[in-house]
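Letters are used for the chains, namely A, B, C, D, E and F, taken in the order the chains are written, and counting of residues starts over at 1 for each.
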């Protein structure tokens, strides 16, 4: 009653199964995460989100590891427990070591601190950084 | 009246000048940014913040470029104009290309979107990601 | 010890009971939600918050359904689990269908994404939108 | 130097022009907003974002007016000046009256307030709202 | 065209003037701030917001200075330029010294940093702090 | 697998124990909180964070009570459950009464509301508050 329930592969429509299959194939996993099972309630959202994630997170000028690190930085800044848990795991799978994790946390913490110092001191943008 | 004014090198105390000198030397720049000139109103804060930034942003398991990219990801998520301007410039100085910038923005945007989908669908953390 | 405990109707003062009674009557419910039972620790806050909610959420130029949808949009953007749960339920009670819920989530996600693209690309406000 | 510059129609590649043309046609406007001119620096991002916006913001179970109202609610909660300006204008174009705007602001403000009361009082989710 | 314009005393309705008069009297100022002139577009919102601000910000168990300090802490965390400017000024008027301002900024920065460390390390709440 | 585990005193290195001992001594507690046990995975972060917290939270122009109140204001605005729980407890230990807690929550809620009204009405900063 309080919201859509997750949709498992067994109970999924062919349209949803096609996305699940592509996720499983692309990521070489047995089953998709809870995130996708919930989005499956809206097949158009599921398709669009997966298509974007697949395109955006693929190796490019930035490596998949750096992209997962960025994902963690955003998720920690927003305080999203699900996203922190799933993307920290994805970052480790992509090669993040304990030492990298520690440095990532330190930079995220520092940036969140200095963002507020810049706000609070009402620091004007340096001419060199102006458009 | 509305807040502390920036303190230039010429008007700075020896304690503040020592920090300014270290920033200029470490970064090989002529002058420090407005951020430091404002923090100079509180010498203890200036010293502590610079000491932390110097330690945290140095090359380690993550490169200075990746660290600046993380800083941009946090600043864009928070919507801090000063921090976006200064750390985008720092990231470019550390080697960020136009292509990397584009991918960085795409991942930040995507992560901010899926963070909200995870919240809104109230997705429970997968057993595999539990502590 | 870690914070105020909820106050049930049975243990409430006449001043608190008067608010609880008005909530029950206005919403045609048997009991008030945990939110109100916690606010009851501060009768002035309880009275002021309920008076505002009652006035703000009543039908006006916007319908109660649209108002609950706005509430969900804010709560999901902030990532407030209690508020997402309670206002998603309230929105459904006011007529939100599964299809509407899906579209609501899609717009919230998209807006959170493009907000960050606007920040990150430092897009200046178009003259047409200036004050 | 501080970031990508906007790309006007005259200086755009055929790939970018195709998106600009579709925006102009779909929205029946002479020129695209600054937002799109900045995203044009990354044609893949431009295409993907426009395709999503076009699909997500189209009339469905929720009207275009309600969708723009949701967009404003997110943008105001995040404090994104560009997004507030552009989507307030879009909402007005879609039929938002002054009275609706006033009620929208009131609900956004109230929701941001009660979100924090729910956090601060650490209100547990009612059994009725649990999954 | 992009939003409601401020309403000055001269052009205000009797209902709005009554609120403006009470603000001027309570705060012993010649004119009200831009904030109130904008809210005047929605007299009900103006009345409700002023009544709440007057009640909430009055001396109580916490002094007006501490209350303004809290207001600044929230506004800096959210990054609201208008609110930072106006409430920093109000805090100074209520007695905030330069030294207090410096310490306030330091605590705000530190709290925003450690909030993210608690998120990122997924620190479970100590039994002693549980409800 | 999903993240670093807490490090107890018994299993800690001499470097980590030194920090734990200083926390226990400074705060006159038997054991350190979970927060420190998790940060102990990165001794440099642990040392730096504790040194900063010790310096920033000490009595100065603002009392320890006011500093804990500011910490709660930031944590509630960000919606950080761990930080709200631990710093509400710390504030109570420093002297926060039930009445102060109620007023703190009321100001936090109000500030989060009016921050959004200032954003949404796009209120320009008064000349008196300009730099």
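We adopt the following convention: a contact is a pair of C-beta atoms (placed from the backbone, for glycine too) under 8 Å apart; a residue touches a chain by one contact, two chains touch by 3 or more.
A quick note: this is a predicted structure, and the numbers were derived from the prediction, not measured.
In terms of the stated touch criterion, the partners common to subunit A and subunit F are B, C, D, E, listed by label.
Taking the mean of C-alpha positions as each chain's centre, the chain lying farthest from the centre of subunit F is D. Of all chains, the one whose CA centroid is most distant from that of subunit A is E. At the subunit B-subunit E interface, residue numbers used by both copies make up under half of all numbers present, so the two copies contact each other through mostly different positions. The equivalent interface to A-C, defined as the listed pair sharing over half of its contact pairs by residue number with it, is A-F out of C-D, A-F or E-F.
The chain pair with the larger count of C-beta pairs in contact, out of C-D and C-F, is C-D.
As a whole-number value, the distance joining the C-alpha centres of subunit C and subunit E reads 21 Å.
Subunit B and subunit D have CA centres that are 27 Å apart. Note on chain placement: the centre of subunit A and the centre of subunit E lie 34 Å apart, centres being C-alpha means. Multi-chain contact residues, meaning those touching two or more other chains, occur in subunit A at positions 1-4, 41, 44-45, 49, 52, 77-81, 85, 88-89, 102, 104-106, 108-110, 112-115, 117, 119, 121-122, 124, 128-131. A complete topology is adopted by the chain contact network, contact being made between every pair of chains. Only residues 1-4, 41-42, 44-45, 49, 78-80, 131 of subunit C touch subunit F when the two sit together in their complex.
If you check the complex, the residues on subunit D that touch subunit C are 2-4, 6, 33-35, 38-39, 41, 45, 49, 52-53, 56-57, 60-62, 66-67, 69-71, 73-75, 77-78, 80-83, 85-89, 97, 99-100, 102-104, 106-108, 110-115, 117-119, 121-126, 128-130. In the complex of the two chains, the subunit C residues touching subunit E come out as 1-3, 5, 44, 48, 52, 55, 128-131. Those residues of subunit A whose C-beta lies close enough to touch subunit F in the complex are 79, 85, 88-89, 92, 98, 101-102, 105-106, 109, 122, 124. Residues 72, 76-77, 79, 81, 84-85, 88, 104-105, 108-110, 112-117, 119-122 of subunit D are the ones touching subunit F in the complex.
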